[in-house]
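So the structure is just underneath, and the comments pick up after that.
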Amino acid sequence: MHEEIIFAGFGGQGVLFAGQLLAYTALEEGRHVTWIPSYGPEMRGGTANCTVVVSDEPIGSPVCLHPSIAVVFNNPSLEKYEPLVKPGGLLIVNQSLMVAAPQRADLEIVLVPATEIATEIGQVRATNMILFGALLARRPLVRVETVRAVLQDKLGARKAHLHEINMAALERGLAIGRPVFSE
Amino acid sequence: MARGRIEINEDNCKGCTLCTIACPQGVIVMATDHPSAKGYYPAMFVDPEGQCTGCALCAVACPDVCITVYRQVPAKTRPQEAAV
Amino acid sequence: MAVELLKGNVALAEAAIRAGVEAYFGYPITPQTELLEHMAQRMPELGRAFVQAESELAAINMVYGAACAGARAMTSSSSPGISLMQEGFSYIAGSEVPAVVVDIMRGGPGLGNIQPSQADYFQVTRSAGHGDYHPIVLAPASVQEAIDLMVLAFDLADKYRHVVLVVADGLIGQMMEPAELPPMRPLRAERPDWALTGAQGRAPRIITSLELDAPALEEVNNRLQAKLREIREHEQRYAEQMVEDARLVVVGYGTAGRIAQTAVRQARREGMRVGLFRPITLWPFPERRLSRLADRVDAFLVVEMNAGQMLDDVRLAAGGQVPVDFYGRTGGMVPVPEEIYEAISALYRKLPDSARWGE
Amino acid sequence: MMVAETVLEEQVVYARPASLRDVPTHYCPGCTHGVAHRLVAEVLDELGIRERTIGVSPVGCAVFAYKYFNTDGCEAAHGRAPAMATGIKRVRPDMVVFTYQGDGDLAAIGTGEIIHAATRGELFTTIFINNAIYGMTGGQMAPTTLPGQYTSSSPAGRDVETAGFPIRMAEVIAGLPGAAYVARRSLHNVKEIMKAKKAIRTAFKVQLAGLGFSMVELLSACPTNWSMSPPEAMRWIEEAMVPYYPLGDFKVAEGVEALLKER
Amino acid sequence: MMVAETVLEEQVVYARPASLRDVPTHYCPGCTHGVAHRLVAEVLDELGIRERTIGVSPVGCAVFAYKYFNTDGCEAAHGRAPAMATGIKRVRPDMVVFTYQGDGDLAAIGTGEIIHAATRGELFTTIFINNAIYGMTGGQMAPTTLPGQYTSSSPAGRDVETAGFPIRMAEVIAGLPGAAYVARRSLHNVKEIMKAKKAIRTAFKVQLAGLGFSMVELLSACPTNWSMSPPEAMRWIEEAMVPYYPLGDFKVAEGVEALLKER
Amino acid sequence: MAVELLKGNVALAEAAIRAGVEAYFGYPITPQTELLEHMAQRMPELGRAFVQAESELAAINMVYGAACAGARAMTSSSSPGISLMQEGFSYIAGSEVPAVVVDIMRGGPGLGNIQPSQADYFQVTRSAGHGDYHPIVLAPASVQEAIDLMVLAFDLADKYRHVVLVVADGLIGQMMEPAELPPMRPLRAERPDWALTGAQGRAPRIITSLELDAPALEEVNNRLQAKLREIREHEQRYAEQMVEDARLVVVGYGTAGRIAQTAVRQARREGMRVGLFRPITLWPFPERRLSRLADRVDAFLVVEMNAGQMLDDVRLAAGGQVPVDFYGRTGGMVPVPEEIYEAISALYRKLPDSARWGE
Amino acid sequence: MARGRIEINEDNCKGCTLCTIACPQGVIVMATDHPSAKGYYPAMFVDPEGQCTGCALCAVACPDVCITVYRQVPAKTRPQEAAV
Amino acid sequence: MHEEIIFAGFGGQGVLFAGQLLAYTALEEGRHVTWIPSYGPEMRGGTANCTVVVSDEPIGSPVCLHPSIAVVFNNPSLEKYEPLVKPGGLLIVNQSLMVAAPQRADLEIVLVPATEIATEIGQVRATNMILFGALLARRPLVRVETVRAVLQDKLGARKAHLHEINMAALERGLAIGRPVFSE
């Protein structure tokens, strides 16, 4: 297994955390992994994205031109990354902030009304978990149980109360992502 | 008192809310629904009762120069410069 | 210690702490700031010295001072900040005190940008500042190697009483990767016997780089050159992969070397006899090994994130025996494996029909 | 028809000054760099000097100031804007030259340059943005960070025992003989913004009159790195910064008094 | 035997202090760098701290100070002595650390370093030799050169229009919160030399008491580059320098008062 | 103009004035101070700008400012001061504005001493500061050449909008020699069309080295590299003597080259077929000519007042074809002709019996 | 008044004359004949009438620490430190 | 002709000027010439010396280890340079400040009581001209007439009154230097 996943959106949408969560979980499951953010002087209000590589082999390049998976949190990111995903790759889109639907026929595309659902479940900051769930539904890169354990660990005692709602969001994403529903 | 009106450049607005605080008439409110292309919830001019005096305080406060202020002045009179 | 997911900058900082750094002096600059920030948190916790200096110039001279007092001291910065430290490096080298400096390089020249780059190669390997010397320069290609080389940097600095630079780029600085930190070493209990410790019951000690008398300064330089020769003799380090039967060897360090690895594997899959040579010490450049490879390969391809700087060293090591080709990206552009692969196959196609030493 | 009716006409009473280009800035929401830019631009407009002004941008969040001002401009190395401005003004005394610098830029790495430009009485104007933090690099302690203030490089709050007390640059510069006009203002509300503009205008007039070096220090908000909402940030300026950094004129050299009285 | 006769015995009442090595210096005839050295050495002797002192030499005529003081010592890059001293003191707070700097070193190239060391309240002592000139490089204008003074880089006399007025460093440093004791003294005659020594002693005591940064500025003669005989040079200090650079204590922070009263 | 006895430093200053320098910014340092002092006298007399800066950092940034405003501007210093200017050089190169800098090198590293040296070769030719570029570097060997190259420096700076360094050492700076100054050129009447002159009736101009976007900064770098290639193509300069039939060619620049000349003449008198190759541009290094010489000589002897820096460039140009030997003095020691002669004859004795291309 | 005497280290003396000015008794004069090894004309202690009081002012003034000062004090009395 | 001459003494003895006068004069007479001072931070009270090379050929090295002529103004310089002069070379010594007479048998040595004579003629600063005169007596590197003209030029109007006394000193040196008197 060797996947290159880009998470992209606005700053503040939990984009980087989603990537880290994947990275931590993959490490937990004994995979090789790298996580790298785009970094710029405009960290606020600008775009935020990160690349995660998960592999069974030692990882050479932690960056790539053509990711096999892109998870886009907003419209500018959709516009930027849709053309870049590898043919046959996966594109997860936050439908709530999408302006026009993606056009590529050679991609597996999942539209997730993530911001809406997050608002609905009362935690707009959990948008990232919904999209992450959809991703896992299509590509079981890591096991949900491991995500649960890692999340618990990362949230720590101080933020333990956020654990359930985040996992609930993940489940919603998993549900939506499951091929039977969206294709 | 002269009547006024403002225009807010929503593309440039970053939703900082400072104009809403500066406005003595309370006729600027923040959008809450759809974010702008940059992901901000911009300020909106909501003045159904025509309370805006064109005092330009909002424009003075705005860090992003989003606000253009108009005021009704007697015709043929040179408009005063804003008291800035 | 266990394997953790660590950010390069943080790993460098924590590795330095575990290697026994007693004093950190630094000035913020992207993309190395997390290193300074980690120090700001940890050093006071441990009762060690942390000062956010007013500038890089001040920072390197604080390091110089602390080093004179016999402490393991370091600073970190990125390219423009490193330019500002050149005079300081030269003083430290001339005074023969140990110091460790991290350079997380960015795109230049000038203010440039903050994206990953390797354009400081010349300014760090050739003689950082005026005068005749080379700092020791270590270039990690992963977070784990960053940790290991950070520890080595302190040991080499102490051993040779010399400036040691650990150079990486924003990619390594910002990347998180699984790695294992070393155990915490106890701080050195004794000050070295050349350090300034107050002239109690002994003759005063002086640390200076000044020697007005030319013959005496030449003596100093001769000593320095002898030390550099010794370093050159003993400290050349590199990693290599699949070079045994290689007709084409890609030479790249740090991030460029790491990315090249993906391209080299790809080329192997396509049946090309390609290997990878990754210098770990940029100075001393691993010329001995590279010269030996030059005896049997058909070509070198140098890959750098600059316009061709290590290229000179490869050409010098190759000694005109084999063609040395170059592929580089500048301005903060990170080459992707695909383009290096292209460069490899283009060059490979041009190789003579039969290998240099027969098939 | 009854009583005389005034015919009303709509006119623009506030619009973007010509000295500010019509482009969005990269500043964070609520960042008062934007206010400072606008004030400078308004002053350039009002004094009619846009077409003979050269701005010098710093390294800091205002690094792109040259893209925002509708004047000729250049980008200095970190802290060296006063040296660059000196170079420009010495060969073009007919130009109006200003530097725009943050507190890391001016009060840390560029301390020597600003002090000596002021000491020499260089005839340019400095707009000094004191936001008590290094903005662009992500919120490290600045020389102006308040005692106890949390920053990413003073995670336990600025400890004055090891990091010292913040430096009051307006007062330091005011003490130098070459400085003709040195003031501190704040940008935390409309009233103070208006006062700030007046000081900026005076500073440029001092330059035009060749009276010496002029500088306006502006207390400015960095909501992002202070981890505050913009309104909270404005309150923090008022309640925490102003008491440590008193507002006022710190140097009014001979000849400047008269300018202060104008308008 | 008649009246009681006092038996007299010859004793040494003045000799080279132990903290000064018995070697000739390279200073010019009448250069008061030598006096400043001796005073520092006497203070180290009297406070009994020679064996735990580290001196930092500047780049300037005092570059060899480390050869003259009988203490551990090192040589800083031009202007960076305060940074070097910071590095030393931070890792060896038990040591007594001092920098010895000229006016080119401290007030020109090293402006940033001295100001920030003082701002941080670094616990070392600075001896600042103000001789209104760059001595070692052969007599160029310093930031402290008096208006109208002829130097090799102000051959028509310092023109305050282009070179500005001289900077008064003691006053600048005194304005910084981290400075605990800042004084200016002169070395032009025996009386002033004695006062200078007292100030130097206070400065070191301030360091020993951990009260903050301490600095003594000393008006010093450079007969060579002033093109004067030593006695003329002393008169020039008195008549030309002292009026511009008033002598006195410019900062006496809390806790220092008590030290001043001692002895 | 007539031949006068002129001191190198003064000649450099006066030549710059006659070449039309409008602004000089500098900081005292031995052994270049007479240059600054001459400027202090002359520039105000001529109504041009002279500022004694508070530091070398300030000086180079003043030059940068004046250059942005379209003025011919310069500074001068010596090795440690040049180290402090590295960041400034990089900004100037990145912004593509013309600037001229004189470096009268001294012994290092660190404070070293003030005696003649050539130990800045690396720091000036390799990339002065961070980023990918080389300044143009001119190295005179006599007072007359110092004058000529000073004038050329301004012309090249303007032509390429680039940093040009004139590097010499204390010997050339302090020596008096007969030389002729050029006539006074009128100051340039018009500002160049890229200069900052106030945006009167035109769109604002911006001069910056910042380009946050990596592809855009790579573009900047590509342009810069193209310019450097052009310079490399057109501006290689050197002087040579008696190389036509030489079996051994001594390569030395500036003072070392000049002193070597005496030794080479002596060797010729002793019947050895020895020539002298003196690079005048250190960057671009006159590699083309030297490579051609490498085709037919039996050995090169590099002579430098350092531990061997240009040596790399000679080895690169020689491309492994001929042995390259080195003779150097450091720490401010100036080699005397006798010792270079010794080095020549020792190497000459080791040459193969027959010349490479037959007798 | 206690009687005193000084010794001048002629090798270190640079002939600056400052001690001659500082001396209230006028018992220090400058050599005029042969320069020292360094080319200076050193100060000399010339006190045929024993006027030196051992006040040490010359030593305080001397930038080159050339002067050692001796004073006659009552035996068994600890000498006072010079009033420096 | 190719001579390498070192002038050495204390700062203030006019050492550098003597060398420059020779250089200017040689240039006037169409020779190749270089003049170079030793320079150091200790310019006052320290030693001062300069090397002049006068030649019929373009000059390679302006410095040398073994000068053909040394003019030493004081005893430290005598001690330093006596051993360095080329065999067969010329050594001019200011006898007034000499401690022990030079020993080398392979040199041409001229002892000149220069300081005494200078004091005698009422211009102690003319010591250098006396020694220069002695040098010219032994090695007519330049013509006295040219020296006279050059000196006039260099002194300029402001110091014209010094011209005669300097030339008188030169003459005294010439007289003493003439072989018949001193050998």
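Side notes on the structure shown:
We just call them A, B, C, D, E, F, G and H in the order they show up, numbering each chain from 1.
The working rule: a contact is a pair of C-beta atoms (placed from the backbone, for glycine too) under 8 Å apart; a residue touches a chain by one contact, two chains touch by 3 or more.
It should be emphasised that the depicted structure is a prediction, and the values quoted were computed from it without experimental measurement.
Within the contact network of the assembly, the step distance from subunit B to subunit H comes to 3. With chains reduced to the mean position of their C-alpha atoms, the one farthest from subunit D is H. Inter-chain contacts peak for the pair C-F. Centroids of subunit F and subunit H (each the mean of its C-alpha atoms) stand 35 Å apart.
The centroid of the Cα atoms in subunit G and the matching centroid in subunit H are 39 Å apart. Chain contacts: subunit C has residues 30, 51, 54-55, 57, 80, 87, 91, 95, 110-111, 114, 208-210, 212, 334 touching two or more partner chains. Of all residues in subunit D, those that touch two or more other chains are 28-29, 63, 75, 77, 108-109, 111-112, 115-116, 120, 136-138, 143, 162-163. Within subunit A, the positions touching two or more other chains are listed as 40-41, 45. Listed in rising order, the residues of subunit C touching subunit D in the complex are 27-30, 33, 36-37, 40-41, 44, 50-52, 54-56, 80, 110-111. Those residues of subunit H whose C-beta lies close enough to touch subunit G in the complex are 10-12, 45, 74-76, 97. Against subunit F, in their complex, subunit H makes its touches with residues 20, 23-24, 27, 32-37, 39-41, 59-66.
For subunit D in complex with subunit F, the touching residues are 21, 50-54, 56-57, 63-64, 66-67, 69-77, 80, 83-92, 95-96, 112-113, 115-116, 120. Residues 14, 35, 37-40 of subunit B touch subunit A in their complex.
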